[in-house]
C-alpha cells in the first residue's frame, strides 16, 4: 500500500529547486515522518484528499492509512486522542482544516495537553497545526488568528513562521519538542511567490523561542510575526526611501515562549517600539510585549509603545470590509512616522 | 408547583439585614426573575440541589422547573441553547458549576454568541455566570480565572465584582444588557464575612464598563479587580501606616469593556501604575492595561508599569503550593515600594 | 400519492432550489463567489420536502428552520428570496447582514429563518434553545435543523440533540447522509437513525432523494413535537457526499466512490407525470418560471454595489457606532492619544 | 460460578477497594480531605470486576486503565497502592505528582495507569489515543476507561468514543449508570447501552453491583478488542448516584430518589459463602487484611509532610526549573529589571 520513493512534488529541495512556504511545511512533515516512525498525522480529509490546502498530498500513498489518519469532524476527539498516543511514545501532528476549528478543542488543549506535564501525567509532544489568517475572503470562521486563545495557557508553545526557511525549520523543531505546540500557518503566505526559496538540502531546525531580525534599523523597532512581517518590511522600505528613517523589524517566529531578550535589545537600541499584529486589537499579543518592555526596558523608551492591529470585530466577509478590518502598510507607515517624530 | 412568597433566605435585604456577596447575587437573580418573566436559569444541579454553591437554593420551588432548568453536563449544549432562547426574546442566565467548566463552551461563546450581532443574526442577551478563582484547594480544574479566555473576543462583556453591592448591581445590569456577558464570581468572596453589607432595598444597577475607586491616594495607582481588590486594599493600608505612602486602588468591576478613562485619570495623577491580578502572568490582562496606558498616558509615567500576578502554571492543589502560586499582599507591598522609590 | 402538500407547489419549491443552485454553481465556476461555496445541487428533495411540512408565517408565529448552505429550498419555503440569496453570496451592501458573512441564510426570526450556521453542530444547539423557548412559552411551534452526516460527529451536534431530548424540545433534526457506500472511513456508523435511541428520541429513516417520503417523515415528526412528545431525528439517506467521498475511495469503497445519487428533481418530475398529477408542459412552465425568477434576481444582485469599506466598523456591541483606528483618520491626529477601542456610553 | 478469575482474589480486590473507600470517607468526614472528594463506596464490583478482566503488567506491556476517583479497586488491581492513594488525596510531597493535583490516580504508563481525569469525558478521548497507539503498533493490548452516566452527555465523551469507533481502537468504555429510577431529568436516556449503535460499536449491559457479571462482560469486550473488532461500550447499571439523585426527586421520581443500590461487597460475599467457594472465616480474614493494609498506609501518609511551597514552581515545560517572581527574592533585587517568565534554553 505504501510506496518507497519520495513523491515528485516533495523532492524540490533535494533537487535544489525553490519551495513555497506550504511546500516547506510539507517537506518538514514528510522528512520527520521518514526520520522517525513515531511521527504520524491526523486530521479531516488529510488522506486521499491531501488536506484542504494539500499540505499532505501524496502522504497517504507513501506512508499508508495508519500514519495518515482521516478523522471525523471531532477536533476535540482527535486532539485528545493525540495526547493519548503521545503518552505512548508517538508524536502526533494534527491538522486543523482551518485553525478556526481549533475552538472545539480548546478544553482538551488548555486543560489536558497543557497541564499534563505539570500535573505529573507525562509530557505531551503533540503538534497542532493549520492555516490561519485573513485576506482570503474566508469570513468570520475561516480567517482567524488563534494565538491569543492559547497564549495565556502555561504549558503550551506557539509558533508562527513568516518565511519558508523558518517554516520548515520550526516545524521540525516543533515535532521534536517534548511540549505541545500550536503551529500557525498563514494562508496568504502558503503560496506567495516572493517566499519561494531554495532551502538547505541537509536537515536543519530553527530553535523555538528565538526571534529573527528581519531588517536592521536604528530609529524604531517593529515587533511582529506571520504575514505582518512582510507588511512591516514593506513599510520599513518605504520609510527608508521616503523619510530616510531606519526601522528595525523583529520577526518573533515563536510567540510562546517569547524572545524577551531580543525585543529588549532592539528597544534599547532604538528607544521606540511599534507592535504589529494581524489579530484583533483588545487583548492581542501587543499587550504582553508592552508589559515586558515596561518591566525590562522602560528607561530606554523615548516614546509610547504603539500598535497596529486589526479592528475589534469578527473577520468580515466582503472584500472591502475585510481589507478595512486588516492592518495596512499605510497604517504602519503612519504610526512609525508618529513614533519617530515623537 | 411554584410558591408565591419570597423564600426566607432571599429576603434579607428587604428586612434590612446584611448580605454576603453570594446572597447579593442570589437576590439579583431572584429579583430579575420576578421582574421579568423572560429571565430563566439553566445549569447543572441548580434545581433541587440549588447549585453547587447554593446560589439558586429555593428557586426551583418558587419559579418551577420551566424557569430553573437542570441540564446535562453539556456546557456547550446549554450555552448554545441559551443563545437560541435569547433569539426568541428570553433572557437566559446559565450557571457554570465552576467557571473552569466553561472551556467546552469556548467554541459556541466565541464563535456564535459573540459574533451573532455583528453578523446580522441578532443580539444574544445571555449571562454566563459561575464561581472562579483560587485559594480554596480546588486544584487545576476548580480554581481558574477565565477572563483571558474571552477578553480577546470582540462582542463579549466580562464582569468581575469584588463587593456585595457591586455584585448585585452588576448582575442586574448584566441580565438587562443586550450583549452576552461573562460574569465571574470569586469563591473566596462568596461568603467572606467582611463583605456582608446592607444593600439598598430599592432596585438598582451598577452600570457595566465603569470602574470604582476603592481607595484614593496620590503616590501610585493599583488597578485590580475581584479578590485582589481586597489584597490590594490591605497592602495599601499597610503602606500608608508603615511608609506614609498613599496608594490609589481602582476596582475595574467590568473588564470588558474596560474603563480606560478612569485608569488614565488615576495614572495621570500618580504617575505610577501597578496592575494586580490573581490570574496567571503571561497574557494576563495587565498587558492590555499597560498597552492602553502607553497609548493614552505615556507622558505621565514616572516609573515602569509593573504587575503582581499568579505564577505561570496550572493551579496546584496542595495548600502550600497554591499559596505560593497566588499573588500575596506582601508581593504587592514590595512592588509598590519599588515603584514609589523608583 | 402520499403527503398532504399540494404536489405542484412542492415541485415549485424544488424547481426554485434547483434553479438557484444551478445559477450559484455557474457563479462559482466563473470565480464570482468563492470556490468553496456550497450550492445545494442534489439537496432539492430533502430541502423543500422537509420545509413544506412545517407551518410558515411571516409574523414570528410560525415554525422555525435552520438550513445549511445546501438547503436553499428550505430558505425559499420560509420566505427567503433568490434576490436575498444572491445578495448574500455576492456580499452586496443590500444583503441581509450587509456582506459581513458568507452563506445564503440570514437570521430573520419573524419569518422563522435561523442562521447562518457557525461551525458544524452549532445550529443544533441554537435550535434546541429556540424550540425550548417555544415549549416554555407554550407556543404551538416546532423547529427543524438540517445537518450533514459527519456533523453528527461534532461535540455541538451531540450536546445540542441531547439537550433537546432531555428538555423534550419540539425539534426535528434532519441528518443528510450519503449512501452506505459513499460514507467514509471517518465513521463506523452506516445507519444514522440508530443514533436516536442513544438520546432517547424518536427517529425515522427515509430516502433523501424522495421529496414525498421526506415530507411525510417531517410531517409525522412535527405532529409528535406539537403534541409534546419532543425531538425526532430524521435520517435522509442518499444525499450527495462532496469531498468526503474521497475517504471511501481511500479505504476500499473505491468502486462506489463516484456513485451519484439519482437526481431528485428528475425523479419527482417523472413521478408527477407518471401518476398524472401534472402534465409535462405544466412542469416545464414551473421550471421556466423558477429559472426566470432566479436569473432576474442574480442579474439584479450582480448589478448592486459592495458595501463601503468603513461598514466593517460598528455593531459589535449594542449601540456600537464603530470608531476608526486613529491612524486611519485624515489627517491622523498627531499629538493626540491614539484611541483604543471605545464603546458607546449606551453599551456600558 | 461464572468468570475465569479466581473468586477469592477478586474478593480481595473488592475488599481493598471497600477498605480504602471507607477510610477515605472518614478522612473526608474529619475534614482532612476536601468535602467534595469522591471515595467510591458502592463502586467495588464494577471497579475490581472490570479491571481484573484485563492483563496486568508492570513493564509497559500490559493493558491500560483510566479509573475515575470512584474506582480505587481498578487502581489497586493495576498496581496502585493504598499508600499512593492516601498520599495523593492528602497532597503529600511523597505523592506521585507531588501534591499538584487532587484525586487518587497518577499516570504511570509502565503499570498501565492513566489519569487522573481532567474534565469529564476527556479520558475517553485520551484512552482512544492510547488504544490507537496499541493498534498502530500492533501490540496485543487493550484499554478501559470508566465514566459516569451523565459523562456520556459531554462533548468529550462523544468525540472520544466516536473516534475510537472509527479507528477500531481496542477500547472498552464502561458507563457506570444509576438505576432507572435514580437517573435524573437531565437526560431522556434510560438505557445507556443503546448509545453503542449510534457509534457503530458493540455493547453489553450488566448489573454494576454484580462483580462477576461485570468481569464477564469486560472479558468478552477485551477479547473482541484483541481480535481487532474494536471498541465496546459496557453499561454497568445500578451504580450509586450521588448528587444527581436530587434531580429525580425534583421531577416526579421522588419515591425512588433515596433508593440505595444493594451493597455489592455484601452481595459478593454472600454468594461466595452460599456457593461454598469460600468460608466466612476466610473472607473475614481477607477483609481484616485489607483493612490493616489500608490503615497502615493511611497512618503513614498522614505522618508525611506536605510539599515545600516553592515546589509550585517548575515543570510547566520540558526542562523548566521554575523561576521565582522577582518580588519574592530576598532581598528583592532593586533596580534590576523584574523578570517575567523565563524559560530554560533547553526548552527553547
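The chains carry the letters A, B, C and D, assigned in the order they are written, with residues numbered from 1 in each.
To be clear about the criterion, a residue touches a chain if its C-beta (ideal position, glycine included) is under 8 Å from a C-beta of that chain, and two chains touch if they have at least 3 such contacts.
Keep in mind that what you see is a predicted model, and the values were worked out from it rather than measured.
Participant: From the centre of subunit A, which chain's CA centre is farthest?
Facilitator: D
Participant: Count the C-beta pairs in contact for A-D and for B-D, then report the pair with the higher count.
Facilitator: When B-D is set beside A-D, the one with more contacts is A-D.
Participant: Starting from the mean Cα coordinates of subunit A and subunit D, work out the distance between those two points in Å.
Facilitator: Centres of subunit A and subunit D (C-alpha means) sit 38 Å apart.
Participant: Could you grab the centroid distance between subunit A and subunit C? Build each centroid from C-alpha atoms only and quote it in angstrom.
Facilitator: For subunit A versus subunit C, the centre distance works out to 34 Å.
Participant: Can you compute the centre-to-centre distance for subunit A and subunit B, using the mean CA position of each chain? Integer Å is fine.
Facilitator: Here the centre of subunit B sits 33 Å away from the centre of subunit A.
Participant: If a residue has to touch 2 or more other chains to count, which residues of subunit D qualify?
Facilitator: 98, 100-101, 118-119, 153-156, 158-159, 162, 166, 185-187, 316, 338, 340-341, in rising order.
Participant: Would you please write down the residue numbers of subunit A that are in contact with two or more other chains?
Facilitator: 71-72, 74, 76-77, 100, 103-104, 107, 111, 115, 118-119, 140-141, 154-155, 282, 291, 295, 306, 312-314, 316
Participant: With touch defined as at the start, can you tell me which subunit D residues reach subunit B in the complex?
Facilitator: So the residues of subunit D touching subunit B come out as 34, 91, 98-103, 118-121, 150-151, 153-156, 184-187, 243-244, 246-247, 249-251, 306-313, 316, 325, 327-328, 332, 334, 338, 340-341.
Participant: Within the complex, which stretch of subunit D touches subunit C?
Facilitator: 153-156, 158-159, 162, 165-166, 168, 185-191, 194-201, 230
Participant: In their complex, what parts of subunit B are in touch with subunit D?
Facilitator: 44-45, 47-49, 60, 65, 70-74, 76-77, 100-101, 103-104, 137-141, 281-282, 306, 308, 311-314, 316-325, 331, 334-335, 338, 341
Participant: So in the complex, which bits of subunit D are touching subunit A?
Facilitator: Residues in contact with subunit A: 96-98, 100-101, 106-107, 109, 114-116, 118-119, 122, 124-134, 136-137, 155-156, 158-160, 162-164, 166-167, 315-318, 337-343, 347-348.
Participant: Residues of subunit B touching subunit C in their complex?
Facilitator: 40, 66-67, 69, 71-72, 74-90, 92, 104, 107-108, 111-112, 115-123, 154-155, 157, 177-179, 207-210, 254, 257, 260, 291-292, 295-297
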